[in-house]
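Read the structure below first, then the notes.
Labels A, B and C are assigned to the chains in the order they are written; within every chain, residues are numbered from 1.
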Amino acid sequence: MSLSADDVAKIAHLARLAVEPRESEALGRELSSILDLVAQMDAVDTADVPPMAHPLEMAQRLRADVVTEEDRRERYQAHAPAVENGLFLVPKVLE
Amino acid sequence: MHNKTIAELSIALRDGQVSSTELTTQMLQRVKTHDATLNSFVTVTEDLALAQARAADERIAAGAAGPLTGIPIAHKDIFCTLDVRTSCGSRMLEGFVSPYDATVVANLQRAGAVMLGKTNMDEFAMGSSNETSYYGPVRNPWDTETVPGGSSGGSAAAVAARLCAAATGTDTGGSIRQPAALTGITGLKPTYGRCSRWGMIAFASSLDQAGPMTRSAEDAALMLAAMAGFDERDSTSAQRPVDDYVGALGSPIKGVRIGIVKEFMGEGLDAGVGASVSAALDELTRLGAELVEVSLPNAGLSVPAYYVVAPAECSSNLARFDGVRYGHRCTDPKDLEDLYKRSRSEGFGAEVKRRIMIGTYALSAGYYDAYYLKAQKVRQLIADDFRRAFAACDVIVGPTAPGTAFRLGEKADDPVSMYLQDIYTIAVNLAGLPGMSIPAPASDGMPVGLQLIGNYFDEARLLNVAHQLQLATDWHRQAPADFV
Amino acid sequence: MQWETVIGLEIHTQLATRSKIFSGSSTAFGAEPNTQASLIDLGMPGVLPVLNKEAVRMAVRFGKAIGAQVAERSVFARKNYFYPDLPKGYQISQYELPVVGSGVVEIVLEDGSTRPVGVTRAHLEEDAGKSLHEDFHGMTGIDLNRAGTPLLEIVSEPDMRSAKEAVAYAKKIHQIVTYIGICDGNMQEGSFRMDANVSIRPKGQAEFGTRAELKNINSFRFLEKAINFEVARQIEVIEDGGKVVQETRLYDANKDETRSMRSKEEANDYRYFPDPDLLPLEIDAAFIAEVVEGMPELPDARRERFESEYGLSAYDADVLTGSRIQADYFEAAARTGGDAKLTANWVMGDLAAALNKEGVDIADCPVAAADLGLLVARIRDNTISGKIAKDVFAAMWAGEGSADQVIEAKGLKQITDTGAIEALVDEVLAANSAQVENYRSADPDKQPKMLGFFVGQIMKRSQGKANPQQVNELLRRKLGG
């Protein structure tokens, strides 16, 4: 499995990571070597095996519909990079 | 005093041989003296520690002390600690002060333990050498030119160097056991769901587990007793009572069936490590355990499966670090895309980015079945292998890591060779089983880890087997010469 | 060429739980920004979700209301994408295994005919926060109070063939979710939001055309207009030799047009996978039985019951069961009033007119159902006439008290004492002897009409309080004599 520069760019965009063109080739090589390792899985036939999402066979527990949280905005926004009037600020989002 | 285990310190505190304040002051002094070399702590909470020590002394004086009251410990920096910096080894969370406590942290605090500070770790727990930390590598107290293992490398080095009596760690693919092995301490990864994940910054949610890192199995039992338990804030927390781990430590191990995994004892294992493991197995036999050979035919696929499941989950878990509500934000973003991309690229290190990219790829349209679904199926095969093995044995024993501590930088440029450090530990996480590493005889003066794997929620038996071995040997009592 | 429109709807209903789907934050609308955003809603490091039982109950209730299969086991999945109002970088939703499987609802078209529309599935998910585009030095403000509010996304089959059908379907779903109490249905506050998938194809062609998704429509009127605009646009594109592209479009109500949202389109790859923080949702028969037991009567059943139990016409029953609150009001009023038909007339007549005139929702009606019932009862027991009742109702609406209080205070009680009425009749007959003569000599066919004059005089003299039936009776007797 070998990832092209285009593949790397596409994945980086999906993951919102900036990859400089000069890093792209080395990164592509590293990722490809990891995918080669991963490809060892192909050696085993799993056609009839159910996928395992969780280690434990448990069902989801349900919470009572009770309001337990109070306003802690000031505390929670203490480390926010940009806040005004209680809102988190980000560069203009274009609709 | 710093060479004593928790069990020993607990008696000393209760008998008044030392106060928690004295003990804590001593330990803080040791951190000051030694940590410039080791870099095992990223934050030392001196004032908080002394305040907690004074409270512990009052509790001891009042006769209300438990076994952990007044014991100085440290937390891996992956655990959120109220009003204390929580950085997860990353620039992304540099200066982040958590507004809440992780359940494991709160549980230990309730038990009276004193927090000395937060320990260094591989960034977001991704690494096996502690070299991916933004706050610099941790050095192994046995040979400071070597790594302590990772990702809980800071906790391992601090416990091995006697800078704290015990520490918390987390283990997603071997992050408690491998550093425990490389630094000659005892580390336990409990069954998935045994310790709450609330407040433990997620790497791979279906694999992550918190556990104790200590200098004896008995101490691990004491720590786990306080850490474990059902937590209603974690949907994956097991709703079952916590066993009496300490109470179970007295049973002889005569007749206990020890499974030897044939796939773990062959190719890829360092000869010195192999010899140490054999010596430990001989000792177990001498204590009356029966050795049986078991097979985990799909265990060889655990590393490949893991490097799909863990990155996939991490690619999603780490999406919240976007520079909007907390954490690193790039300067003067020109638009939203720029904010995301630069904040994340500046905030994350190379290994984290690699794993996010692999995970993103594995989940992306057209590749999901070939990678993610396939890995989940292989995961099932591995869990089935263990189920069969545990029909024939009670505890599986083998090596924790393929070799002893390697030199700093030795594997840093080769991700795949680094990943193979966890070749014996990863299957345990995929299956969700409890696993433990305890010291075996050293090899060339460097620690070797013996891995014990138990059946689901069989921590008590695992701890007892380890304890019996430690009663009969002094491997776990060896200390790095410069730190005694 | 003749074109056929194909429409499918995705409706997001906010569930009326007290707390959020995965956290203990309040879901109340209108709070100060980010004051209802907890650690979990903010996606802080290390936090974990735990599912709200009431949200599950509500989803099950909807499933049973449309006769759908409720999944014994469903799975929460992560939908991964970056957006500032999505704090974790993923939305917890359901993907391959939703909690509610396929069902069907009957819609009523304008000509009174009905037709079934298939519901493909309904799944639980969390709402996102809100982006506020007012100017913060050229920045966008993010409020996460709404983040984590439970949603039930109801996905239809592409079964609708016109904007009107789509509106009828949306109204039907609105009626059901408000009836069963799982959604407040408040469209201004965004509790009920619609996306429409619209495509066209030549009449007779089996395969579907390329569809456009019209996003986030929050009124039935806009739904109709948006679809109509979009259909016309697509026809124009194709007839001009172009191709409809699959894309997301936004309806702009000010300009009455839809426009492309390319920003949201690029490289959508949501990378769904099962959320490892949540375990499979298992719903057993006992859980379903409990939900069914607490299920209120559904609109269709209620309409039929109104016809059979109260003897109402199909039209009246349909109007009165249009919303649960209106149907509840009617039933409560009819219980006190003791005359269903008369009560129905009042609810659909004077009450509806007053509500309409003042722009008041029946939920906020100043006249309580029992009070309207009492007014009806006073008409029935002849305390007041239907005419006087209108004045009493106006006073009740103005807050002057109950029917009895108003009747008492204004002295509107009907005169039913035969002696008193007879005296009135005699006075009027004596004062209008010429008219009496005319009446008596008139053609019997014309007499009933002429009787009205005397009735009017008597009613006037009694300030409208004389019982009209008694007045008529006495008049006929005396004039005939």
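For the reader, a short list of remarks on this structure follows.
The working rule: a contact is a pair of C-beta atoms (placed from the backbone, for glycine too) under 8 Å apart; a residue touches a chain by one contact, two chains touch by 3 or more.
Quick caveat: nothing in here was measured; it's all calculated off a predicted structure.
When chain pairs are compared by their number of contacting C-beta pairs, A-B comes first.
Compare each chain's C-alpha centroid with the centroid of every protein C-alpha atom shown, and the nearest one belongs to A.
With each centre defined as the average position of its C-alpha atoms, the distance from chain A to chain B rounds to 23 Å.
Chain centres here are Cα means. That of chain A falls 41 Å from that of chain C.
Centre to centre, using the average C-alpha position, chain B and chain C are separated by 57 Å. For chain C, residues touching at least two other chains, in rising order: 39, 42, 44, 50-51, 82, 84, 142, 269, 271, 276, 278-279.
Within chain A, contacts with two or more other chains are made by residues 14, 16, 53-54, 58, 60-61, 63, 72, 76-77, 82, 88, 90-93. Touching two or more other chains at once are residues 96, 99, 206, 232, 235-236, 315, 319, 322, 324-326, 336, 340, 360, 364 of chain B. The touching residues of chain B, when paired with chain C in their complex, are 79-80, 86, 88, 93, 96, 98-100, 102, 197-202, 204-206, 232-236, 312-313, 315-316, 318-322, 324-326, 336, 340, 360, 363-365, 368, 372.
On chain A, the positions that touch chain C within their shared complex are 10, 13-14, 16, 53-54, 58-69, 71-73, 76-77, 82, 84-95. Chain contact summary for the complex, chain C toward chain A: residues 17-19, 23-26, 32-39, 42, 44, 50-56, 75-76, 82, 84, 131-133, 136, 138-144, 250, 261, 263, 267, 269, 271, 274, 276, 278-282.
If you check the complex, the residues on chain C that touch chain B are 39, 42-51, 78, 80, 82, 84, 87-90, 142, 269, 271-273, 276-279. By the touch criterion stated above, chain B contacts chain A in their complex at residues 95-97, 99, 192-193, 206-207, 232, 235-236, 238-239, 298, 300-301, 303-305, 307-308, 315, 319, 322-327, 329, 333-342, 344-345, 348, 353-354, 356-358, 360-362, 364, 371, 373-381, 383, 415-416, 419, 430-433, 456.
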